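The two complexes that follow have chain A in common; it is paired with chain B in the first and with chain C in the second.
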Partner chain A sequence: MGTNSRFSLSVALAWVVGVALFIPILWMMMTAIRPEHELYQIPLKLLPGALDWSNLETAWTEKSFGQYFYNSTLNSTLSVMFSMPIGIITGYAFSRFEIRHSKYYRAYVLFAYMVPIIILVVPFYLVAVQLNLYNTRLGHVLGLSTYAIPFATWVMIGYFEQIPREVEHSAAVDGASRMKTLIYILIPMARTGIIATALLTFILAWDDYIFALILLDSEHLRTLPLAIGYLSADYELTDGLMMAMGTITTLPILFLFVFFQKYFVGGMTSGAVKG
Partner chain B sequence: MTIELSSISKSYGATQVLKSISLHIQEGEFVVILGESGCGKSTLLKIIAGLDEPTSGELRIASRLMNGVQPRKRGLAMVFQSYALYPHLTVAENISFPIKMMRWRYWYSLPLIGRLFPGRRQVAAAMEEAAREAAAKVRLSHLLDRKPRELSGGQRQRVALARAIVDGRKVCLMDEPLSNLDAQLRASTRREISDLHGEFGHTIVYVTHDQVEAMTMGTRVILMRDGRIEQDGTPAEIYENPKTVYAAEFLGSPRINLIRVEQSSWAAHSGGPTLHIGADGISPAAQGDRLVGIRPDHVEFVPADEGDYVFLSAEYLGGKSIVSLKHLTDGSVVQGYGAEAFDRTRRYFLRFSRDHVLYFDHASGRRIYE
Partner chain C sequence: MKESRHGLLLLTPALLVLTVLVMLPLLATLFFSFFEMRLGGTGARFVGLENYESLISSPAFWHSTKVTILWIVLSVFPQLAIGTVIAVALDRVRRLRSFLRAAIFLPWVIPVAVVAYMWQWILTPETGLVASVAASAGLESLAAYPFLTAPDSALGTALVVSAWRGVPFIVIMVFAALQSIGDEDYHAALVAGAGPLRCFFYVTLPYIKNMLVILAVIRTMQIANNYSLMALLTNGGPADSTKIIPLLIYELGFREFSLGKASALGVMALLLTSVCIAFMMRKRNGDK
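Now for the complex of A and B:
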């Protein structure tokens, strides 16, 4: 009885927190699909009286959010594809090789990830201009990766350290080179961790605003957060349209969380333990 | 393939784990490296496997110098204490992994087009065939599609064994492979490993701290102590002819009885235990501060009023018991076998034949020969 009531209390609390966190997102989505006139109606209607897709349509086509969505998806994916192999190999090296002063290198990796990006804005801009990477997709992907690589490395160190060394020794005796051990044994064993890290890296890139702001200029290269940033200054924009843009930006992440929930949970807890 | 170690030493920082070990292992031998934890036996095995490098000394396998050679190029197999199976692979894939490492090409694993490469089919077939064959040898044929986590400890152990014998590697290193099994399984697996050795004639280097495993399985036992070889010989040699007290105590269960006898007490028969050694009296080797060693199987307890041992306890083994008697004055315990009931009120003295007595110098622990 006692444990039961405590259990229901924690469930109730979870619901409260869950609802509190979800209401703004829900409100955003409902605003996006409400007819315009319902928005300012008093009393407020909780559920939309009718469905109106025009906001989403306008955002997607007229305001080129289709293009921005494509940019965001492509840049984030490229940054994941670029930083994960590096993160995996570096993380493996840190977890297994006896590197002189490796403690300091590790700290440096963490430091690279912890530096507030805003400090790096000017240097990044200058470097990008000098390398002719300013206003290119590659430039943005590389910018995202400077942030994603240390993150992926750091998380992967934790995952590799959980794998017992005897398994690796066994593979070595069985005829596997370092590379084969990594490919046939360690990466499959760390699969869950790799997927979680890749997803988190993807979200990190998806959420990026500052790199896009300082490295991209042309309209056709803009990513979703950058586009919203530019358009929010537009006074002709209706609230419904604004929320439609937000919905387009948020939904993919929401889907990722729903479909890959178990990996996220795994990734977060191991991150918590391993720092 | 022979394995030769000459003056192998290993230090971790200031601690010297192995102190100039020299050893020659012949083809087909079943060598058990026996010792307490921390004596360097596992380090020695790792050095042979190439998982660790010696600080100095030379290692040769099949006459080839192996210092600095990668483990995969040494042609050895190894069974680990934790079995070290690959958890994401099935039993069949685990067993055939060494073959995969030899013959599989990276591009065979490519999605879709990997199947188009001509060699892939053959290699896959060879792997399957080898896995089936090796699994049959260790009676695992019915479990080939399982994952390691679905197996019991004994089954995992057998997967590790199958993986070691799958591709015709003729040397197998084993690092305490039985220590995670329960007593019954340990006995049966012990026999299985011995059978495998008898049948396929592998050279086996087997590390353990369990003297029973050493005695029952090894064709040769190397007893190690503090990074040195204490004694090297067949199990019978070490058991019957230990060179030191340490070796005498390590092998045999129950342990050898050691009775300290100072010179004075030999003469006076007072203070220390009273010994009645056969009819021939005392050996000249017994002169001085000595430990007298006598295996429990050779001790006889004779009831007598002048005896100075009293009954302490008995462990029934079925048919006979291990009996412990305690010395009245110094409290030392002597064990032997007995069938009859012991009387707690009576006193006993010990009787044993001079042929079975081993003398050791008390200070150095070395054997003194008659």
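Now for the complex of A and C:
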């Protein structure tokens, strides 16, 4: 059957692409745990012959990636904690209240969501210096929030709109107040959306390089992407150590991605597109 | 009335925060663009449109504009085309479908700093992965080729890296749109004797056309304004061959310390983005 053979050609193509896209990431991680003498052996071997954790250990302790890991985790988490309550309340308000001129407020949120970060950088830097927020954790978290908050808000609006309104009508008949309806009915119903949005906001914040670059100066405040940015100019690092640093920066995201797989795709296709 | 006021009350935190964190800095950029301001200097001098004039008359501005347009056009359309083909292929996979979808999606969530760093290393002449593979295949000149540091190839190489990260995004979005097509539609077309190409153009494409247009706009905005990937991958070099506008903004502001000029360029970049934003808003309202 002609059609069938073409269909399996498609299947083969999809698999080849999947594997090809994955190889660079796998290669990085394998290099991080490969013994030094195996690095440049020909022919290439994907899997290391022996495991060597020394690069990861050196990166984590000597090269302070443990500290940077802590900074990235804390700053990203804080920006998620700032963003989510605002996102939830705004999504709720837009989807459940008849607000006059609602269209314009919505456009305002969408606009804020789409403003390019690079344009905010100069004034943000100046204000941060004026307010003594330069080179502080709070300053960086606020910088992250300039995109984390519009992002979370925009995606949450989409999720709340998907929840049918009949739900609250029956709750209202039962005499539940609006606040109770939000807390006991809507938020549990929007749970998938809330988890997906929080995850994607976290990843967005984890990815940040530009705000860290302009707002953070001290070494002990550096985040993982900033540290990597500085290190790419350091030619004394061995390949194994470099890739160990990349691996440390990637693993938490990979972990979230694998364990919360179903939330990701749902979140992505609900309007989560800032990149 | 009361309804509207309660709703507005709930919107207040978001509107307030977005105003302080996004709109005020944006207005500040517009305001600064009319002043001569030095980073670390004292005071600012109103210069009217001078910053804009000096940008328009500088070759660096036109060079960056040209590179940016190339960068956008050669990123967006090939990525859309490739992503659509892969999405259609993925749609036909039956076994391990979700697993494969996840594997294809993965590059999109890898932190941009790691993407740049990893590719620099993979493309290192003589010792990188590409060089090792080329050397094993006997292609010595390819093994020695400095992909990211030769002016002829840096932009092209950056386009490949951008595609590595961007195509997965397109695949996931188009794949989602494909799920709305019923099997009956394909059957009808197959019964009518349509080959796979005709099936694609007459059955698939009409369903995903809207999604493709939206993706083209979104990806344009993402690519036009992304400082980090290019800064970390090539830092604009060699010989400015990859200096896109976001990099020029950063350079003007934080290396030449000319905040007024950096702001003026930011405002000009925003104009392009505004066209995209206006389009997105109309699209959204039209869909309702």
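The working rule: the second predicted complex is superposed on the first by the 253 of 275 C-alpha atoms of A that agree within 3 Å, B and C clash if a C-alpha of one lies under 4 Å from a C-alpha of the other, contacts with A are read in each partner's own complex, and residues count from 1 in each chain.
The rule is short, and it goes like this: contacts are C-beta pairs under 8 Å (C-beta built on N, C-alpha and C of every residue); 3 or more make two chains touch, one makes a residue touch a chain.
Note that the structure is a prediction, hence the values are computed from the model and not measured.
**Student:** Clash or fit: how do chain B and chain C relate after the overlay on chain A?
**Tutor:** fit
**Student:** After the superposition on A, what does A:A172 contact: first (chain B), second (chain C), both or neither?
**Tutor:** first
**Student:** Does the superposition put A:P164 against chain B (first), chain C (second), both, or neither?
**Tutor:** first
**Student:** Using the touch criterion from the header, give the chain among chain B and chain C with more contacted residues in chain A.
**Tutor:** The partner making contact with more of chain A's residues is C.
**Student:** By the touch definition at the top of the document, which applies to A:I99: first (chain B), second (chain C), both, or neither?
**Tutor:** Once the two structures are laid over each other on A, A:I99 reaches chain C alone.
**Student:** Where does A:W206 make contact in the superposed view: on chain B (first), on chain C (second), on both, or on neither?
**Tutor:** second
**Student:** Can A:T238 be said to touch chain B (first), chain C (second), both, or neither?
**Tutor:** A:T238 sits against neither chain B nor chain C.
**Student:** Does chain B (first) or chain C (second) touch A:R191, or do both, or does neither?
**Tutor:** first
**Student:** Mind computing the angle chain B to chain A to chain C from the CA centres, in steps of 10 degrees?
**Tutor:** Nearest-10 rounding gives 100 degrees.
**Student:** Which partner does A:I183 contact after superposing on A: first (chain B), second (chain C), both, neither?
**Tutor:** After superposition on chain A, A:I183 lies in contact with chain B alone.
**Student:** Taking the superposition as given, tell me the minimum C-alpha spacing from chain B to chain C, whole angstrom.
**Tutor:** Least C-alpha distance: 8 Å.
**Student:** Okay, in this complex, where on chain A does chain B touch?
**Tutor:** 164, 166-167, 169-177, 180, 183-185, 188-189, 191
**Student:** Tell me, which parts of chain A touch chain C in their complex?
**Tutor:** 3, 6-7, 10-11, 13-15, 17-19, 21-22, 24-25, 27-28, 40, 42-44, 85-87, 89-90, 92-94, 96-100, 102-103, 105, 107-112, 114-127, 142, 145-146, 149-150, 153, 203, 206-207, 209-210, 214, 224-226, 228-229, 231-232, 239, 242-243, 245-246, 249-250, 253-254, 257-258, 261, 264-265, 268-269, 273-275
**Student:** Please output the residues of chain B touching chain A within their complex, sorted ascending.
**Tutor:** Listed in rising order, the residues are 49-51, 70-72, 74, 76-78, 80-82, 84-89, 97-98, 100-102, 106, 109, 163, 173.
**Student:** Under the stated contact criterion, what part of chain C meets chain A in this complex?
**Tutor:** Those residues of chain C that touch chain A are 3-4, 6-8, 10-11, 13-15, 17-18, 21-26, 28-29, 32, 85-86, 88-90, 92-94, 98, 100-114, 116-122, 127, 129, 132-133, 135-136, 164, 167-169, 172-173, 176, 190, 196, 218, 221-222, 224-228, 231-232, 246, 249-250, 253-254, 259, 262-263, 266-267, 269-270, 273, 276-277, 280-281, 284-285.
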